[in-house]
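Going in written order, the chains are labelled A, B and C, and every chain counts its residues from 1.
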Amino acid sequence: MRYLPHTDRDIAEMLDVVAAKDLDDLFATVPAACRRDNELHLSEPLTELELSRHVESLAATMAVSPEYRLFVGAGSYEHFIPESVRYLLGRSEFSTAYTPYQPEMGQGTLQAVYEYQTLVSRLLGMEVTNASLYDGASALAEAVLMAIRVTGRKRVAISRAIHPSYRRVVQTYVQSTDFEVLELPYLPNGRTDLSSVPEMKDLAAVAVQSPNFFGCIEEPKAVGEAAHQGGALFVTAFSEPLAYGLFKNPGSQAADIVCGEGQSFGIPQSFGGPSLGMFATRTQYVRSMPGRLVGQTHDAEGRRAFVLTLATREQHIRREKATSNICTNNSLCALAAAMYLASLGRTGLRELAALNRDKAEYLKKQLTTAGFRVPFDSATFNEFVVEVPAGFDAAYERLLEKRIVAGLPLGRSYPELAGCYLLGVTETRTRADMDDLVRELKS
Amino acid sequence: MSEFPGATGLVLNEPLLWEKGKVGRRGMSLPRRDVEAAPVDEELIGEVPDLPDLSEVDVVRHYTRLSQWNFGVDSGMYPLGSCTMKYNPKINERLAALTGFAGAHPLLPDRLSQGALRLMAELERFLAEITGMDAVSLQPAAGAQGELTGMLIIFAFHQSKGSPRSKIIVPDTAHGTNPASAALCGFQPVKVASNEQGILSAEAVAALMDEETAGIMVTNPNTLGLFEENIREIAEIVHAKGGKVYCDGANMNAVMGIAHMGKMGVDVLHLNLHKTFSTPHGGGGPGSGPICVTRELEQFLPVPRVVREDGTWELSEEFPQSIGKVHAFYGNFGVMIKAYCYILSMGRDLKRASQLAVLNANYVKARLKDVLHLPYDRPCMHECVFSDKLQRQLKISTIEMAKRLMDYGFHPPTVYFPLVVHGAIMIEPTETESKETLDQFIEAFKAVVKEAAENPDLVRNAPSRCKVRRLDETAAARFPCLAG
Amino acid sequence: MKEIDELELPGDVRYSATHEWARMSGDTVRVGISAYAQDRLGDITFVEIPQVGASFAQGERCGTLESAKALSELFMPVSGEVVAVNSSLEESPELINQEPYAGGWIIDVKPGNPAEWEILMTSDAYRKMLEGLE
């Protein structure tokens, strides 16, 4: 086996040094009752060629662009990834390193993560960003737990217009505790209804997503005021941070914790993971923050250098009193995001965000012209909800035959929106793609 | 004396991203604009985030130089204990990046995602076979999330019996994630000390186990690299009081094809695909932390689960007892592909991988124990733990020897863990290191020990061959500078 | 790290088994951590101190001391109410390393139970305990 370098002679010599008679002898401390009574029921090792053919055949069954034209976002976005990002990310000095516990041998990762923290802080308008969490959903769960820690309160209010999966993950994280999650409904315009917040006493946090699951831009100022009036933290989640290239970022709207999904920035969709949990807050709360942090310092000769810092918050030091149990995070995905943002720059970011918005607006307009109703009239980014006529399911199936995926049906997560679809468009859909979709839907 | 890999060469400086670049440069080709600009409400428009504008060449040079300041498994031996830094096969990277996978949207109708679902179902089956457990969920994104998932499953189990429990037993040798995950789930961790042999005794567990205690979290083999020989008895004690046994499978690389977690009495186990199953660690992640359970606990696994209906793979939510979701979608699928490929490439040779991992660790232990103190002198599994006791009288400590190893071209072992060993040096060579490399590492470590006696300042001032010298970590923590 | 015989263990204070010192002055007790504790913890980077007015039992956790890579909890050597805190530690936690028994004091306590004083160790007893630990 090519990953195992030992020759028979090596093994014999080494067994001799360790005073074992054979390889089995090394396992003398494993009691018989703890052992398998059969060999592993696995196939013969595949050759590299056999493996490639097999896995390629599995991949070939998947519906992906460009053969398929997808109009689905909902937390996973098809954005163009420049080859330079893919190429740089493949450098094995980055990918085959461990967490940089020994900073002298990990300055590459450390500076890159420090830069990531900085770029994301600027993007979100926040002061401190951590080195990454798993995904947008667990980032929201961590934000809720952090708000509970900071305020010493046990109830949080979460908008129903937050991604349904993110809300489910929050429920999972709190199910064994006495923390309570209250739901804020949404208004007929698709934004969160804040009218019940003043009656909800002792809230640790008020959380919305903007753009929300329906693509609608929330009114963060109003949410922040409602939260702060009751002494709660204002948490903003997101699944499409590209929006902040155009729209006001959460930091400028008084958010205390900002958390979400960074997959849009140079990370392949990959059937939902790995992606990137982004997490930022204000300096005053940094000691309550989950996750790793890279800080700037200097070496013995006074040169600028970077190191993991404020580690006393973390599980390997604080154990059961840690701010989170997270250890392995999604560092390489954070590097991808930093490389992508560095490639875009401020000029490119604004241009790309505007392009995304304009494409989605184009499709929205074509659909309304064709007679489809858009139930929520708030401003949207990339995604919007469309009401479809009865019997649309057949049209949806027909479109699938033509390799067009006409959005995500909403009835499963929002029974009240049965008959509505969430459509998503990015810069990767052409005007011709959109015209084809509208034409097919009309016919 | 052989030539060690450590050497000096030209290392290039590189400023921070925002210290270079000029407004108006770009490093990326944007897709063509083929629609008109749509009006936007001015009220909603924000300021453009202050990102540097760089050319593609700027970006490529920047990250290429940064990468050269790093050390990875591809650079050299990385014997970081408890982390299983084995070789990461290159074919797996290519296959995980196939357009059919990398470009796959997670929310399409199941029939458009058959290849991915089949891969997940088969990987679940492989992991069940390798561990000896009955059912698997691939959803947890990393080991610690697997631990939380496992704790929630144990919580749900007790709740379903109508008797929620408040405590959980955690050995003093446990990874920090164990008590942290237990606490996150609302359990109060109760510490149990390991015995003078470095393992748990059944009596110590029996003294703590009661009907308020949900179970025990054991790492087996444990973080001292020792097999918990009393695990069966311990499991019986825990089970007799209605508790469950959680096993941290971080060290599964020692016992593939040999131990049977189910027969040991384990009820829930997590694996780290980024350790045992060769997926790269990415400088901190992403990982993947599948959770394996007994038939009895299967009903509590996260949803959706992959099932087969009439020959078609489907994602099913029809498990009313499930603890719910822990990930926005199905977990780190891209990592699962690599682990799947690794298992298919290894097949039954997985057992040999474990045998050689254990052989390598015992070989390092045997050859270093005359120069380093070995607190538990027993046959080890995949890793061995020394201490700096012999060097302390020279006023040389573990961290200094670790830093000096860098100059010889080796990544240091895990240091100061487990906590039960003062000045611990935890070496996990893994099976992918050859005898020659091990010999070179051993020779380097012996040279460091010799220097500690003969030229201690050389060791104290190490490293001298890295991009930077020893860092001021106190200043970093006292005056945190977390963004530029 | 220093050897035990290199550590300053003044005789005008009493010591707890968890390495706090206590110095009686008038009707208050001043509390800090011993030279041994600060030496083993390393350069202190952050101190979490209880608020004035808070009350704790003897041996109860009342604060946290952090170095870059370690954490140590502060326990009350005697029960009582916190009547003053050393606010200069917020900016200069290194005072604890530099002068553990003077500028590095942590809190002043109004003791609740004078009998508890006798449970604390003299410097000789404390030194003996430290020698046993190593």
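Assume contacts are C-beta pairs under 8 Å (C-beta built on N, C-alpha and C of every residue); 3 or more make two chains touch, one makes a residue touch a chain.
This is a predicted model, so every value here is computed, not measured.
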Comparing each chain's Cα average against the average over all protein Cα atoms, the nearest is chain B
Go through B-C and A-B and name the pair with more C-beta contacts between its chains. A-B
Look at all chain centres (mean of CA atoms) and spot the one farthest from the centre of chain C. A
Taking each chain's centre as the mean of its CA atoms, chain A sits from chain C at a distance in Å of 45
Suppose each chain is reduced to the average of its Cα coordinates; what separation in Å results between chain B and chain C? 38
In whole angstrom, what separates the CA-based centres of chain A and chain B? 20
Send over the residues of chain A in touch with two or more other chains. 309, 311-312, 317-318
Where in chain B do residues touch two or more of the other chains? 473, 476-477
Send over the residues of chain C in touch with two or more other chains. 46, 66-69
Help me check something: in the complex, which residues belonging to chain B touch chain C? 397, 416, 473-474, 476-478
Touch list for chain A against partner chain C, complex: 287, 309, 311-312, 317-318
Within the complex, chain A is touched by chain C residues 46, 66-71
Residues of chain C touching chain B in the complex: 1, 42-43, 45-46, 66-69, 93-94
